[in-house]
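In order of appearance the chains are A, B, C and D, and numbering begins at 1 in each one.
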Amino acid sequence: MNVKLIGYTSNPEKLPAMAATLTHSKIKPENLNKLSEKEQSAVLEQVIKLRHTSVIEHASFTFAISDVSRSLTHQLVRHRIASFSQQSQRYVNLNEPNYVVPPSISKNKKTKKAYDDTMETIWNHYNTLLEMKIPAEDARYVLPNATQTNIMVTMNARSLLNFFELRCCLHAQWEIRMLANKMLREAKKVAPRIFQHAGPSCQTKRICLEKKKDCPLYPK
Amino acid sequence: MNVKLIGYTSNPEKLPAMAATLTHSKIKPENLNKLSEKEQSAVLEQVIKLRHTSVIEHASFTFAISDVSRSLTHQLVRHRIASFSQQSQRYVNLNEPNYVVPPSISKNKKTKKAYDDTMETIWNHYNTLLEMKIPAEDARYVLPNATQTNIMVTMNARSLLNFFELRCCLHAQWEIRMLANKMLREAKKVAPRIFQHAGPSCQTKRICLEKKKDCPLYPK
Amino acid sequence: MNVKLIGYTSNPEKLPAMAATLTHSKIKPENLNKLSEKEQSAVLEQVIKLRHTSVIEHASFTFAISDVSRSLTHQLVRHRIASFSQQSQRYVNLNEPNYVVPPSISKNKKTKKAYDDTMETIWNHYNTLLEMKIPAEDARYVLPNATQTNIMVTMNARSLLNFFELRCCLHAQWEIRMLANKMLREAKKVAPRIFQHAGPSCQTKRICLEKKKDCPLYPK
Amino acid sequence: MNVKLIGYTSNPEKLPAMAATLTHSKIKPENLNKLSEKEQSAVLEQVIKLRHTSVIEHASFTFAISDVSRSLTHQLVRHRIASFSQQSQRYVNLNEPNYVVPPSISKNKKTKKAYDDTMETIWNHYNTLLEMKIPAEDARYVLPNATQTNIMVTMNARSLLNFFELRCCLHAQWEIRMLANKMLREAKKVAPRIFQHAGPSCQTKRICLEKKKDCPLYPK
């Protein structure tokens, strides 16, 4: 899995600070530019603390994601306040086996071998169907959830906070949790004040949305 | 594939007619109730003709959909102005082979046989992984796109019109086109005036969004 | 202010219960219909308790609202997961003074008199501009925030819960709080299990989003 | 009215070109970076021509807007695929008359004088209510639609194209049309290929959504 932040709003922390100031002052937005670094920080801290997160919607972040499974992307695209562009299985011929291996399988030689054999078999069947002149868009019906795919996703900072809350949780499915953690690491680099406390709800709000009392992170 | 309309806004055509009248009159909304059938029809016809479709958002439609592939649902959930509830592959054990067969495959005995054999092989591998104590949420990585799933979807009438425009198109992937056509048939039964002219853009707007001049439905 | 529930999804509580069951079972959605009242209640209670509220999006509610101010509607339409149809000030001639009076003004004869006089003056000016052949859409620039308007709004149950959380709060502006409380009362009549615990976050989550320690409802 | 583009996605045209390429190729998104200027242009042109505009959602644009009326912002915030931060009339004291004058009024001395007098009268009443200890959030009920306000808005490129289609139309209300035209001019400077053909539907699609045959721009 590769995750790279390939674009984002210029001034991702200044714009939200300007927006928050605008709502409570007479200063014209074109002059809000003059907010000092220190003033910006103070405003942002307040915004995050009070969860007045509508202002952080002004900053968006675009990630290039590769070598993830279709299982992952099927979950990912359920987030509706986001924009996606995904590699098409209708138009792209996928005749080489490229697939994701879950850690629970790779950690054991025997299960890893069984899994790899399964994948080889599946791709043989896929290629046989192509040889039988079945169109790629139908032959792909045999391809597994594990099939690797590429996707670009853009979310604004508020939608990202929600994404991290749900998907950095230990109870989330392992692959999307790994993705969420990598995205969070990338986002923090360019907007550290917005994302410094981002994470699962047990960290951000000290409540467990899943009510999993046996989780090691369950808030005390 | 089974598609059933299992719920919808009471008065799916009266509410939009009331809404359209409200925007241009002094009548209080609680009195708009008194619009005659004939007045409602006239207003609705105007709304559809002028594509002032924001008023039809007041009517929503809920469909129960079963025995469709995960390929289909991965496309379906890309529609963001909609609500979805889908059978989870993490929590539901799917040890019996249940899968969709594309028509291009089923129409020929030889390809159908090859496909069925593939499916049997895949499910054998899936069950072997389960026996090896791999959790269901990881074993499912071998399951194919063809795996059957169930989903409930709710869309408002405006979002449905857009869905039909894109997915009833001959260029759409066959399975989601079949779904779209079945949903349109169901929706027409309870809101005939809203959906009577619904369909692909070649029918509704006389333009081909795909610019496919070789399509039999290409507008003349 | 008049608020009336004029339409909603048939079976507003059954559909979410069916949706919640579908996600964790092999039962086909068309058979979920057979859930008993008791089973439905149990499922819904769990859903609300765990805040797995995506399933309640399948139920939508449409309200006719009249005699509210443009101040209120300007706030109301900021809710984006909703559909609105509002009386147009461009096309509807509003030559009679119809306006909302804030309680802080009406409770005192002197301020009430000053306010009424202001309104009469404003409408005289508005009518003078119309007589001078200024188009209604420009003359209305003098009309006050208090001007009465009518609006229809549709929200799904999840969006409504969020609306009630923000707008039933004692810190919310009085007019939209009054609206929210009336909408909640109406919604409870037809979906009592979904809305029984709805209200401001101090009631639903025992946290004060506004951090107002001096509020009489501040959670202890 | 002042309109200034104060932030936007870095590489607003490169990201959509990368996204469009990703969907139809095996190139990993982290390598799409290497697209030449010429390749990018060719891809973007195709995207705009075929209206495959989902990929341009990856680019967002943030505008600071000042000295517009509350009439305008009430219309503006109806666009739901957007993020807004607006100056609050609850918390900001607006005791100086600051208001917008429609051209149909300013072009004539007599109507201009009548309008200015009205505004002075209104603000006198507003200040009187404040002196009577009415809270600002209630006194503002007398303030006119013309009252100036400041707002920041962020939209992605696809949502902007839709905004321009509706609001650059000659049939749109004059103030929001002026805003739309200024926003379009700003957006074009940084994303000329995306916005070069943006504008009302008579220009972009050669159809008149309003069916106004008497409009000078009605497509022939």
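Please note the rule applied: a residue touches a chain if its C-beta (ideal position, glycine included) is under 8 Å from a C-beta of that chain, and two chains touch if they have at least 3 such contacts.
Since the structure is predicted, the reported quantities are computational estimates derived from the model, not experimental observations.
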If you average the CA coordinates per chain, which chain's centre is most distant from that of chain B?
D
Is the C-beta contact count larger for A-D or for B-D?
A-D
Starting from the mean Cα coordinates of chain A and chain D, work out the distance between those two points in Å.
30
In angstrom, rounded to a whole number, how far apart do the mean CA points of chain B and chain D lie?
33
Would you please write down the residue numbers of chain C that are in contact with two or more other chains?
84
Touch-based graph of the chains, sorted into line, ring, star, complete or other
complete
So in the complex, which bits of chain C are touching chain A?
50-51, 205, 207, 209-211
Interface with chain D, chain A side, in the complex: residues 2, 4, 6-11, 14-15, 18-20, 22-26, 28-30, 32-33, 54-55, 57-60, 62, 64-67, 83-88, 91-92, 150-152, 154, 156
Looking at the complex, which residues from chain D come into contact with chain C?
69-71, 73-74, 77-78, 80-81, 84, 89-90, 99-102, 104-105, 110-111, 114-115, 117-119, 121-122, 125, 128-129, 132, 134-135, 137-138, 140-146, 173-174
